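You will see chain A twice below: alongside chain B first, and alongside chain C after that.
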Partner chain A sequence: MRGFRTLAPPLVALALILATWEVLARALQIPAFLLPPPSAVARATLAELGDLALAASVTGRAALYGFLMSACVGTLVAIAMSSSRILERAFYPYTVFLQTVPIVAIAPLLVLWFGAGLRSVMVSSFIVSVFPVITNALSGIRSVEPALRDLFRLYGASRLSTLTKLELPAALPAIVTGLRVAAGLSVIGAIVGEFVAGFSESGAGLGIVILSSYRQMRTDLLFSAVLFAALLGLVLFGAVNLAGHLLLSRWHPSARNP
Partner chain B sequence: MLAPLPDPPEPKRGVRVSARGVERAFRGVGGAVLGGLDLDLAAGSFVALLGPSGCGKSTLLRVIAGLDSPDAGSVTLDSTSGAARVAFVFQDAHLLPWRDVLSNAALPLELTGTGAAERRAAARDALDAVGLGDATHKMPHELSGGMRMRVSLARALVTRPNLLLLDEPFAALDELTRQRLDDQLRALWAELGLTVLFVTHSVDEAAYLAERAIVFSARPARIVADRTLALPRARTSALRAEPAFGAEARALREALEQGGG
Partner chain C sequence: MTLSKLALVSLCALAAALPSCSKKSAEPPRGAAVVLALDWVPEPEFGGFYAARELGAFGRQGLDVEIRGGGAGAPVVQLVAAGQVQFGIAGADEVITARARGADVVPIYATFQTSPQGIMAHAARGYKTLGEVLKSGTLAIEPGVAYSAFLKKKYGGFGATLVPYDGGVARFMTDPALAQQCFVTAEPLAAKKKGGDPQVFLVADEGYNPYAAVVIVKKSTLTDHPDWVKGFVTAAREGWTSYLATPAPTNAVMQKLNPSMDAETFASAAAAEKVLTESADTTAHGLGAMTRARWETLGNQLADLSLVLKAPPVDDYFVALP
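== the complex of A and B ==
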């Protein structure tokens, strides 16, 4: 019953929006290349299901690799910066650069360096998604209670055991928060990367499908591709949420009584 | 809960603490916090340290623990039985929320490299000593404030310290829980024969717990009173109603006011 009550409102809202959209698109005779009715999008999705699923798997793979790179590199960078004020002061400004740089602008550079295909797309996904991991992990490590650091110092804990037994577990809730944001961003980074990095050897990703359906005025297919991209982001986000819940549910208030 | 033991522990196992000319200043704080302080604590004594807030009590405690180094002067710890083992109890329990009670209590031994079986046994003993023997698998968030503080106390005792430093440990607890923990701490001290230095801002708590009470002035800390309390060794809550207790508490309060508290 509780599941129904939480699921029903958004589903009803969705049905209402789709119905209104369908009725308006037909009644006002909006050209299909501007705004196809939902029924047309559904037809296109079914007709091109195989290609869309393949595209989603190509983009999904690049996004997943980019995300994993962000998770590892971002956490390592945060650990390095938290160990040394000088390192933090020297390099933090450039991590801000990672967040503010327009990925579309440097994507051609990535193609020059890594060639068209998976590697460029993956790096693009990484660049877009690494910043929130760094900032969240860094602030998580920085906000360890000073008394707990004193406790570890009192018993002569090594740098490594302070890291693994205090700093990382204490920062874990913040790291999970950063990974949640990174999950969505990594899909965005992958699609933008595909816009520029073009076809990869393993097939066309969603970014390519979006570009080609735009050029062919297949707006219905464009909507399908956007839908798949959103689903990819959701799946990655859900996986991070689930992992976070499993890791934190025993002790952290954010993961109890969902 | 343990009953307070009437007999003095023999032999004394505690550490003798001597501080000589300890000076410490912090940037941003006007003037020195500690300005050439001398202090001696006898082995196995229970000393309460009183003073207005910000006067340097905590700083002295941290210097003694080796968590902070003085700008000048020195602190020496002499132990008749092997090396000095210092334990520190903070203002709040400060447990690791991702560990259960047992592995929280075992943490100091884990950090000093004691084997798993041995440290679990020691942690179990320490938890038994504070009356938490049946809560070993609870997580910190499942415990009351008083229970968390007792885990913190067990964590401090697990290394069998001979110097126990406590920085206003029970200040955040309700009166009843605090009195119960005071009794427990006294009993543990009597049983284990360690040196205890207890920082508090409560005159009554100082008089109830300690054999000797030292009152600090406002910053820079200097000793305005150093009293050996003329109270019986066995303390029960009835003591709080005795005239002798009232007289000691009054004397400490006056010293505190005189020192600018």
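== the complex of A and C ==
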């Protein structure tokens, strides 16, 4: 019953949106190359299912690697910055730079540096998704209650045990929030990376499918590819949520069911 | 659309009201405001259109043409089909693909009789044929372009690793094993300028030769504004004739819009265009000429490559030049 109550509203909303879209597309006779109706997208998806799934697996792998890099590097950078105000002041502004990097502009350079293929795409995914991890982890570590810090100091806890026993557990909810944002961004980063750096014949990712279907004016297939990209984002997001739930549910109110 | 109609109406009203004064007026009459959407940045491949504007050839045909530059993947066909711009530039294969997808656009002027599309490789690799180029190394090519499918079929697949073309020659300059798509009038000149050793193979020589830089309009324009179509073609022909003879003045104008290309490259590109824009058909019928047979061939080729389900009927879109 509870499952139904959680699932029903979004599903009904989806059905409504799709129905409205279908009816409007038909009633207004919008040409399919401008905006295909959902039925056309569904047909294209079914017809190209094998290729789309393959492309999604290629993009998914790059996004996953990029995401994992973001999670590791982002958290490590946050820990380093939290350990010293000087470090934070010196480097934090440049992490903001990462967030504002126009990835489309530097993606061609990534190819020159790392060569075409998985490595460049992964790095593109990493660049786009690392900032929210850093900033959330940092603010999580910074928000540890001063009284608890004092307690650790009072008992003469080492820097390492303060980090592992106090700061990281306390920052975990914030880190998970950062990872949730990074999950979606890593897919975007991978697709933009593929626009420039992906392999386009064998092992073509969703980014290539998007470019190619645009070139061929197969707008229906383009939407299918976008749909698969959204699904990838959802899967990563779901995995982060699940991990967060497993890690936090025993003690943190943000993950406890009401 | 309504704005341009309004302009026409008010122009007619003005002409009717002031029949005697119109000759004395210093201001040239403003024509119908229309837009020509390019599928790339201002470059010599559009030289004749800029020349037509600069020479006032469009104006003499009653057209006030705004030329709007594009970039990689500029949705020109879609803009024309949706009526947001009146004229656009596209490749002939794009026109047929677009028609197969339900976009009612028709070609009116075929600038390049020989497609400038080519593949350039490093001369140091010592290739004799395009087939050899495609066998190994890396090939940068726009995903989904028709000639890529053609080459793939002709040579039974690519041995080379395919990557997306990024619109420049930087990768070509650093990677000796990279070949890339090019317009024979653009990238090879840029690469040479930077000290590279490009060797170009024309796709047209391989048996796939769609018209390039084709001017398209929405089909309804043929009946709604036949004067625009006739006027545009006349002016374009005048512009191209002038541009191919003396490109320098127009190149100066275009170079202001596209400073990334230097004057020397503009000049050599323009010089390379003459042979591409002329054919037996243009000698007989004037620049921009198109034949039914070539459109039919192209449609069948695209159907053979499964890029369209079946070739769209030629008579639905082919119109002999006025």
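The definition used in the following text is that the second predicted complex is superposed on the first by the 254 of 258 C-alpha atoms of A that agree within 3 Å, B and C clash if a C-alpha of one lies under 4 Å from a C-alpha of the other, contacts with A are read in each partner's own complex, and residues count from 1 in each chain.
Heads up, the rule we're going with is that contacts are C-beta pairs under 8 Å (C-beta built on N, C-alpha and C of every residue); 3 or more make two chains touch, one makes a residue touch a chain.
All values derive from a computational prediction rather than experimental measurement.
Once the two complexes are overlaid on the shared chain, A:I208 sits against chain C while remaining clear of chain B.
Residue contacts after overlaying the shared chain place A:H252 against chain B, while chain C stays out of touching range. By the touch criterion defined above, A:P38 reaches neither chain B nor chain C.
With both complexes placed on chain A, chain A has more residues touched by C than by the other of chain B and chain C. Of the two partner chains placed by superposition, only chain B is touched by A:E145; chain C is not. Taken together, the chain C residues at the contact with chain A in this complex read 73, 77-78, 81-82, 97-98, 101-103, 138, 141-145, 158, 161-164, 166, 168, 170-171, 174, 307. On chain A, the positions that touch chain B within their shared complex are 145, 147-148, 150-157, 161, 165-166, 169-170, 172, 250-253.
Those residues of chain B lying in contact with chain A across their complex are 62, 65-67, 86-88, 90-92, 94, 96-99, 107-108, 110-112, 139-141, 159.
Chain contact summary for the complex, chain A toward chain C: residues 31-34, 108, 111-112, 116-117, 194-201, 204, 208, 211-219.
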